[in-house]
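Have a look at these structures, which come just after this line.
One chain, chain A, appears in both complexes that follow, with chain B as partner in the first and chain C in the second.
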Partner chain A sequence: MEAYLVAIAIIAAIYVLLTLGLTLQYGLTGLVNFGHVGFFAIGAYASALISMQGMPLVVSFVCAAAIAALAAYPIGLVALRLRDDYFAVVTLGFSETVRLAITSEKWLTNGVQGIPGVPKAFAGMGIGMAGAVATLAAIALACGVAALMLRRITRSPFGRVIEAIRDNEDALRALGKDPARFKIQVLALGSALAGVAGAFYAHYITYLSPDQFIPLVTFYVWMAMIMGGVGRVSGAVVGALLLMLFLEGTRFLRDVAPDLISAVDMASVRLGAVGLALVLFTLFRPQGLMGDYTRR
Partner chain B sequence: MTLSVRNIGKSFGGFRALDDVSLEMPADGLLGIIGPNGAGKSTLFSVMSGFMAADAGGVSLHGRPLDRLGAAARARAGMVRTFQVPREFHHLTVRENLMAAAPGQTGENLLGVFLSPRRVRTEEAAIRVEAEATMDFLRLAPVADTPAGRLSGGQKKLLELGRALMAKPRLILLDEPFAGVNPVLIGQIMDRVATLNARGIGFLVIEHDLEALSRLVPRLVVMDRGRVLATGAPDVVLADPAVREAYLGGAVA
Partner chain C sequence: MTITRRIVLAGSAGALAMPNVVRAQGETFRVGALNPVTGAGSPYGSGMQRMIGAAVEAINAAGGANGRRIELFSEDSQTSPQAAVLAAKKLIEVNRVRAILGTWSSGVSLAVMPLTNDADILLMHTSGAPALSTPPVNAKSLGFRFQATNDRFGRAFAEIAAREGFRRPATMAFNNASGIGNTDGFRRAWAAKGNQNGEHVVYEPNQPSYRAELLRVLNTRPDVIVMGSFLPDTTIILREWFQTGTPMKWIIPGWAANPQLVQALGPAVTQGIIAVESVSNEGAPAFAAFDAAHRRAMGNQPGTANAYAAMTWDMANTLALAIEQAKSFETAAINAAIRQVANPPGEAVATFAEGKAAIAAGRKVNYEGASSVLDFDQFGDVTPDFGAYFIEQGQFNRRYVVKI
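Let's turn to the complex of A and B:
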């Protein structure tokens, strides 16, 4: 049971990191990024491949963040000229392109067969619980640092400008500030967080394949953000934990009513539960658990 | 030291919104633009400020051509516009709206936020003082901590002006500053514009309220159907039969 809880906590923390990235991009800046999972995938594969060349994990993690951020740069240059809705479509297309590239470039990624045997984080601590707990501690620390960083940003002049972008981009341009310059930084930093989340994922699951990086992951992150409260750093944390509660909690439905739900139906039941939660949230608490950006 | 608009043309499909529009004014002057709806006044502002590309002609400020610059760069060059329908940052407070407009902030760079926190704090304090002064000047102090989205129409107009001032312009393009504003506030805005102009900031003002505008500016440009119809002192221009025909529909004999 403890092992199961630690495992869930690790996955939840990975979602917290992803949600923090999206909170910066959408919640604070208004960038409709439907391709978050693409940067998660880039981080995961980058860290896995680099560490399998014998590099220490510290190096591979830094590379994962940097490569994911760099990948955001060209898409930023191209896509930020587009209107919001087109930007959403382009980012969705980008993440699917990443997945197809992973599927096709077998020389690098081993295609659909995937990469087994990614080095486990804290493998030196033996095969028991110690390694998993250490991983959890590390990722919790990463979440903490990321949350503090975001809080610092929201209280800075930079945070003021990106919120201004969300409210009215043209007004900002009229005052002599280029929204694109800020959006690219936001896109890169949010993607770096997704990249780090990917690295944690890779070195925890230890097996990577393209079907782990489908758009559904992006939408889980969106759900977490919406449930927690758009534009709130605390909302990102609470929302991701809540998402995990729904995803994992539905598992226990079978314990309660084993005859009602077959194992095959489980996946659909989970999705249905999350969907229902989202509908209820939009109906009864549209601002999310922690309130949204119309806070004042 | 002049603002010079030369032979601007702009068409939307077959419709000529601006047809060979030229005007010139001292950059620290006061010039009004009037004309019936659809005369091309706001389009002229959009082209001048870089929000729309001109089909022909050009704009220069102090002899420096602005045509290759984007909207943000034109504002940094010293020409800042406001919008006919106020575009406040509605979730930000009035104070934050003003502070966001201050140019050249170290803290607007992510590296600056994390690497030079002390410098950012010092700058913030200075910008805050400036924002307070601007709010006092425009009598926005009582709503300093109100989200801008909750202001009245007139207050939003004042905020537009305040934000433009915080950007440290040499010249402000005011698009209908009196529209939807109550008469008391109109007097207040006029008074502030006159004071600022005396301090050396130029204004180009689009306005429908002829009576108010005539009291504010020494010179008027009349536009009709994308063209400049007449230019001159308000009483002279308004007595022009062609202007009366276009603007007042010939109703006043």
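Let's turn to the complex of A and C:
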């Protein structure tokens, strides 16, 4: 049981990192990024490929963050000209492009066959609980650092500017600020977080293939952010944990009521229950769990 | 605000602590069914899971394996590696299963096998990726593949193409590990015979039309098109091809060129198509038992409709026979016994009950499954023979069998 909880916690923490990145981009700056999974994929493949060349994981993690941030740069340039739904379409297209590039560039990524045998993090600590707990500790630390960083940003002049970009970009421009630089920085930073999340994912799952990086992942992150409360750092953490609770907790519905429904039907009922919970949640808690109730 | 947070935390902790289903019962052997009930594998997943359940019922009705009932825990892999990893963790850690049966897509099996290796339990799957046979993935040799590898299918295609006297084969592949594995296997084997490969087109899933891809292939004037495809895309491609009026021969894997395809397109379109399938034991007693169970569980659908369900049916039977043979519940002993009960020599048996009786009488058994004769090589792969089925007036006529 403990090992299962640790496994859920690791995946949940990966989603926390992703959600923190999106909170920075959408929650604080108002950039509608529907391509978050693209940066997640870039981080995962970058770290996997670099570590499989014999580099230590520390190096591969840094490279994952850096490469994901670099990949955000062209998207940032696009963001200067597009807003809201237009930007959303471009980012969605970007993430699909990343997936197709991974599928096609067989020399690098082994295409649809995927990359098996990605080195596990903390493999030196054995295969049992120790390694998993160490992984969890490392990723929890990363989440903590990211959350602190975001909290610092929201209270800094930088944070006030990006929130102003979200609320009224024209007014900001009229005041003589240039939103362009800030948007690019925010995109790069949020994507770096997604890249680190991808690296953790790669070294935890140990097998990568393009079909793991479908847009559904992006929308899971959006769900987590919306449930937690848009624009709140605490909301990102709580929302991601809540999402995992919905997704995994429903596995035990049948253990609670085993005779009501067959195992096969349960699989579909389970996903239905997840959807219903999400709908009810957004209906009755539109601001999210940690939402900002001072603003309307 | 604080109260809300506390309530949420308490609620989360409570919900996670609640499913304490680990019971210290010694009298059952726990098995996990991890199947693609939702997601891309959903056309097959429920049948696969129901057939594991049906086989387990039959095994328990026959007195269980080595004196213990088999207790089944079912999970949905969602055909997604990430969801499957968590589901497998749950099966292993919470339900304490001793084997996981029926992972379908290669992506899922490749992600789950490290977990089953760590837990030192068996994984029986129906995936095609060659990486699943060898280290590092199958480092402990605890993985068993009940489906022929995609590469073997490709080699069988090449044998059949050569035998039919084709000269300029083109290939079309669905863009995933399985589809491309088939055509790559074919192209390698075809080149190894000293032949020229023709046009090769890879197409993306879920398109309403494949006309552009199809015309690219037809324009090179091949004399046969070899497919690495699935049922929905094959249906569309063949319909669009028939509308062009170009005469063409097709070699298509049996999971795509099946009775449903003929039903969807009619005998005129499908006339002369060569469907290649590992020779499933249709006509064998094991298949009859499976077919009856499948009709019962799946609303009178015939067993031929779901080749993967036949494999999962065989998984449960093979596992139970191996436990019976090993007289042990230890993974190593069961693992060693699997080849003893599945491979020749031995008395051919078709059901668990039959095999159990033969083992009790001290005879060596050879389980001949519903999906194939199920003989495992040293990698845990089956090497079935392949049948070339020609579709004639809507009927599948097996003209010959190729060995690779």
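The rule we apply is simple: the second predicted complex is superposed on the first by the 274 of 296 C-alpha atoms of A that agree within 3 Å, B and C clash if a C-alpha of one lies under 4 Å from a C-alpha of the other, contacts with A are read in each partner's own complex, and residues count from 1 in each chain.
Everything below uses one rule, namely that contacts are C-beta pairs under 8 Å (C-beta built on N, C-alpha and C of every residue); 3 or more make two chains touch, one makes a residue touch a chain.
Every value quoted in this text rests on a predicted model; they were computed, and no experiment measured them.
By the touch criterion defined above, A:211 reaches chain C but does not reach chain B. When the shared chain is aligned, chain B comes close enough to touch A:185, but chain C does not. In the superposed pair of complexes, A:160 makes contact with chain B only, with no contact to chain C. Looking at the shared chain after the overlay, A:175 reaches chain B, while chain C stays out of its contact range. The larger set of touched chain A residues comes from C, when the choice is between chain B and chain C. Taken in their complex, chain A has these residues touching chain C: 1-5, 7-8, 11, 103, 111-114, 116-117, 120, 127-128, 201, 205-207, 209, 211-212, 238, 241-242, 245, 247-249, 251-252, 255-256, 263-264, 266-268, 270-271, 289-290. Against chain A, the residues of chain B that register as touching in their complex are 49, 51, 70-73, 75-76, 80-83, 87-93, 96-97, 99-101, 103, 105-110, 112-114, 120, 123-124, 145, 147, 163-164, 166-167.
Taken together, the chain C residues at the contact with chain A in this complex read 4-5, 8, 12, 15-16, 18-22, 33, 37-38, 45-46, 49-50, 53, 72, 74-76, 78, 80-83, 85-87, 89-90, 92-94, 106-107, 110-111, 114, 118, 129, 131, 136-137, 175-177, 180-181.
Only residues 149, 152-153, 156-158, 160-161, 163-164, 166-168, 170-178, 182, 185, 189, 293-294, 296 of chain A touch chain B when the two sit together in their complex.
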